[in-house]
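Here it is, the structure, as structure tokens.
Every chain is named by a letter (A, B, C and D) in the order it is written, and numbering of its residues begins at 1.
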Amino acid sequence: MQSHNWVIDFHFRHESRASMYRVQRTVAHASTDYQEVLIVDLADLGRALMLDGSMQSSALDEHIYHEALVHPAMIASPSPKKVFVAGGGEGATLREILKHNTVEQVTMVDIDSALVELARQYLGEWHQGAFDDPRVKLLHQDARAYLENCPDKFDCIISDVVEPTGDSPAALLFTQEFFQIVRSKLNPGGALALQAEAADVSDYEAHVSIVKTLQACFNSVRSYQVQVACFSATWGFAVASDSPLDQRLNPQTIPQVLSERNCANLRFYDAESHLHMFSLPKYLRDALQNPNAGMIIRDEHLLVVD
Amino acid sequence: MQSHNWVIDFHFRHESRASMYRVQRTVAHASTDYQEVLIVDLADLGRALMLDGSMQSSALDEHIYHEALVHPAMIASPSPKKVFVAGGGEGATLREILKHNTVEQVTMVDIDSALVELARQYLGEWHQGAFDDPRVKLLHQDARAYLENCPDKFDCIISDVVEPTGDSPAALLFTQEFFQIVRSKLNPGGALALQAEAADVSDYEAHVSIVKTLQACFNSVRSYQVQVACFSATWGFAVASDSPLDQRLNPQTIPQVLSERNCANLRFYDAESHLHMFSLPKYLRDALQNPNAGMIIRDEHLLVVD
Amino acid sequence: MQSHNWVIDFHFRHESRASMYRVQRTVAHASTDYQEVLIVDLADLGRALMLDGSMQSSALDEHIYHEALVHPAMIASPSPKKVFVAGGGEGATLREILKHNTVEQVTMVDIDSALVELARQYLGEWHQGAFDDPRVKLLHQDARAYLENCPDKFDCIISDVVEPTGDSPAALLFTQEFFQIVRSKLNPGGALALQAEAADVSDYEAHVSIVKTLQACFNSVRSYQVQVACFSATWGFAVASDSPLDQRLNPQTIPQVLSERNCANLRFYDAESHLHMFSLPKYLRDALQNPNAGMIIRDEHLLVVD
Amino acid sequence: MQSHNWVIDFHFRHESRASMYRVQRTVAHASTDYQEVLIVDLADLGRALMLDGSMQSSALDEHIYHEALVHPAMIASPSPKKVFVAGGGEGATLREILKHNTVEQVTMVDIDSALVELARQYLGEWHQGAFDDPRVKLLHQDARAYLENCPDKFDCIISDVVEPTGDSPAALLFTQEFFQIVRSKLNPGGALALQAEAADVSDYEAHVSIVKTLQACFNSVRSYQVQVACFSATWGFAVASDSPLDQRLNPQTIPQVLSERNCANLRFYDAESHLHMFSLPKYLRDALQNPNAGMIIRDEHLLVVD
């Protein structure tokens, strides 16, 4: 059966490009309090999650996205016991964090309980039961408000939230004010990692702004990127800490740390993939070093991704 | 003016995905003896060349594609004086080769003279006058037949041809038989580089086959890849030689070689971009090392890319 | 919720046009033994049935299609008691036939039982319980073979089958041989009606061939057409009989016949809608009168609609 | 050559449907002071004009649209000598008017001179030299202001303007105030005709409002409609006069009037096509008779077509 059902992701600046995906099966299509959720089985990417028409992850390569997001920051944290996750509704960020045998508790705060319910039901390949791990504490409220008021500190904080478009509540999770809250909740040596928008040659302004905003808050910041096939784009990430990152994020020592953590057999992340992600293409290095590129994102001066 | 004109590239396996690009202006739309040529100004990629509905290169990032294709092989060749190009109709491959101050003669053979005429006229940003460089000898005929019968040898050979789909004449430029011809036309220490199909996590089979076919012909082969924004994909390349490549393609020594060649200020290619391209993501390393992946491509057993 | 899910119907000659419909909800998406069935809730057409990517009917205007298909032939038959339906999987053709208070038995033969099951479950607005009317005899087999071997005769025969594309079993329900079978199974004064392909100014060749093939079999044939919004086209129908049609299909007398049949309050069909459908635009009259237009469709010389 | 270039017309309510057309050749793509003009050669409709992404007319069926627009009002006017055209940039409305041998002068006012220039150059099949007919007076200014201030009266007025979307100057050519101006500029017995928006079962609200607004101004108003293939829709028109229309728009007498006017051999319009257009489908009759449907359009209360 050649399906005639498609999803179309109008994306990129000024809606000037779109990606069309042939849908084999519509698994779920719901409207939660926060977003349109579409879970589909695509002809070449397998099962995929789209939020408000924007691809979030696909069975084919969600492991690349989630391993890239989680492991550098976990490696950068000397012995991460307590971890905080903002967003992460699919449960795959949890899954990767829990692989580190140092982890004792993960607090995940995703505002959209209906999304998490759909993920539980239909994205088993993503969470692989992580929501039910006894180390996990799952809450549905505003992640920033929770973190601000929470008495605890964490060894590692992962922000896995949607793009800060329009009036998304995610917009306030990319500001200097939010990063200062994060910093105040990190234990010494702790690291933050976040999805940090496209780092594509056609579209890297938001990424540069995020990195510069982090640099205004943390002593050590590293930008990195990886091709995410289901985004049809190079995606940017950043890891930030007040402790020097270069020493711990050393391709020479990564294999041993992964081995100690019982993470030697990840599907994507290893020393060479690390080198691939952290060796930046020249346009991105140039932009990150250009004092006129990007802006400091503030609560009063939000990033706008269109 | 928000244009309502689009090009749609139905691509990927089984026509299960497509990319839509908003067209600001249709610059040329012609049918040559070999292909549909569409030159358009796109809203976010700028001018772009599409052949038979498949994106070839865009103003935004053609420099990444062409620098990635040309410079590793040129660096791998000790002192490239005579260079051969198969295909390369836009003239940008020529442009990059000519930057190396060692070059004395480039023979370019592209079967489609009408395409080259359109490129001359409308893709000035690509060729930048390279077709008129006195070191260039431009011919319009079958590149394989020419190379086979040509009495000369070359220090570097670059194959920049379209995807070997359907009954494209390009299909015979990816076979073991063709690579043997290339090998016989390389001077000692010479290297071949070619565009080697997608190296995307969703689609890397053709790349693996090309690399394995090269390995059946040459002593030293390196696969590398880079994100090409206008392909919405990670693209694979390969460089092959009978001399060991690892020594010359060393990020430590690349800056000096580029400097000696008067190529220190390329837009994309430098030691870190090289490291980015040659550090392969794990899925690709695994596939290249898997004895059951891919096939040896032969004249009688062509690669089929759909 | 602005949905990002679409169905795309690539239609018209040479796949040169397509219609895209925004999907609010995918109700069912299945592959039967015969076709891809997609039942969707569309933003402006409401629920819709697509078979193999081709729109069949929508909640918004299925009543126009089905009333146009059924009532002229029923009116043309003096007192239709026994009626035969080929195809008609949605049950709406049944529904319209059963409105005529003369009807005692309707035999419906649709080859695809899985489609009828989906219609029963999801297209209640179409069948409105017609499948369970005690006057209905529902069979799932080849309609032509059934009719050929059936000992009964009928007062009215309605053919409501998909377009005869590719290797569809519907192809054999548009031939002179099939129409001769139909003719042999009609009681005196009985009439056949069928969906008779597009009658659009951009595409009416198939319609002309169908009408001419009917003219080769029946004494009296009338072509008519109506705009079907969900097809984005003017759709052609034909009614054929060995008795003169003009007298019964007279706008002057139609109101009385409808009233006697207890069909005075149909949603679409009445004397003026009849006049609208049977007054043909000039291009269609010209083509129907042109001896060189169209062809006689035979089992050995099938209609090809692409 | 199978082209990969498309135009996409996102249309219908809430952008919930779109039509895609394969482009063989982009003839002109320009931005005038008023609109995006795109003239393309389409695979099945032939040359076509799109304004702001919305199909205006195609070579295949522009004669249906323009004959339907012009001839009923010309027939309704006893002996039309002086005619006024608002809009009509393609020149085809002129062409049809000039066929009536009674015509002595046509004043055409289209605000967009650049569009008319493009039509002159590329839409020869439309205007067929009509712009150069000595009876034609062509002006580029606001049609309403011109008409209001013009000392002349006319026997027939044709309004052939784009849809009144957004801030289009066309919006003020569909109001009661404009129709009162028109009425004051018509000679006794004179008639107005206009394109009056979609009359499709999925979308007829605007048409009903236009007809009701005309009824608030003129003694006699007739709605009619025809399938316009390149709109993928049934299109509505209206003719209005202070003299009774039914007598002149009588299918019995139309052949003679056409013959006297030397218009007996039009491509589309004749008595039967007239009957087809003026016999309305029931949904439209019901809506036009429903006192709660539609609204009176005023300068302060414009029609909004999205």
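A few remarks follow.
Basically, a residue touches a chain if its C-beta (ideal position, glycine included) is under 8 Å from a C-beta of that chain, and two chains touch if they have at least 3 such contacts.
All figures in this text were calculated on a predicted structure; none of them were measured in a lab.
Of all residue numbers that take part in the contact between chain A and chain B, over half occur on both sides, making this a same-residue interface. The distance from the centre of chain B to the centre of chain D, each centre being the mean of the chain's C-alpha atoms, comes to 53 Å.
Distance between chain C and chain D, defined via averaged C-alpha coordinates, is recorded as 33 Å. The distance from the centre of chain B to the centre of chain C, each centre being the mean of the chain's C-alpha atoms, comes to 54 Å. Annotation for chain D: residues 2, 8 touch two or more other chains. Across the assembly, chains come into contact as A-B, A-C, B-D, C-D.
Those residues of chain A lying in contact with chain C across their complex are 1-10, 23, 25-26, 29, 31, 36, 38, 40, 50, 52-53.
Touching chain B in their complex are the following residues of chain A: 2, 8, 12-22, 42-45, 60-61, 64, 200-203, 226-227, 229, 232-234, 267-270, 272-273, 275-276, 279-283, 285.
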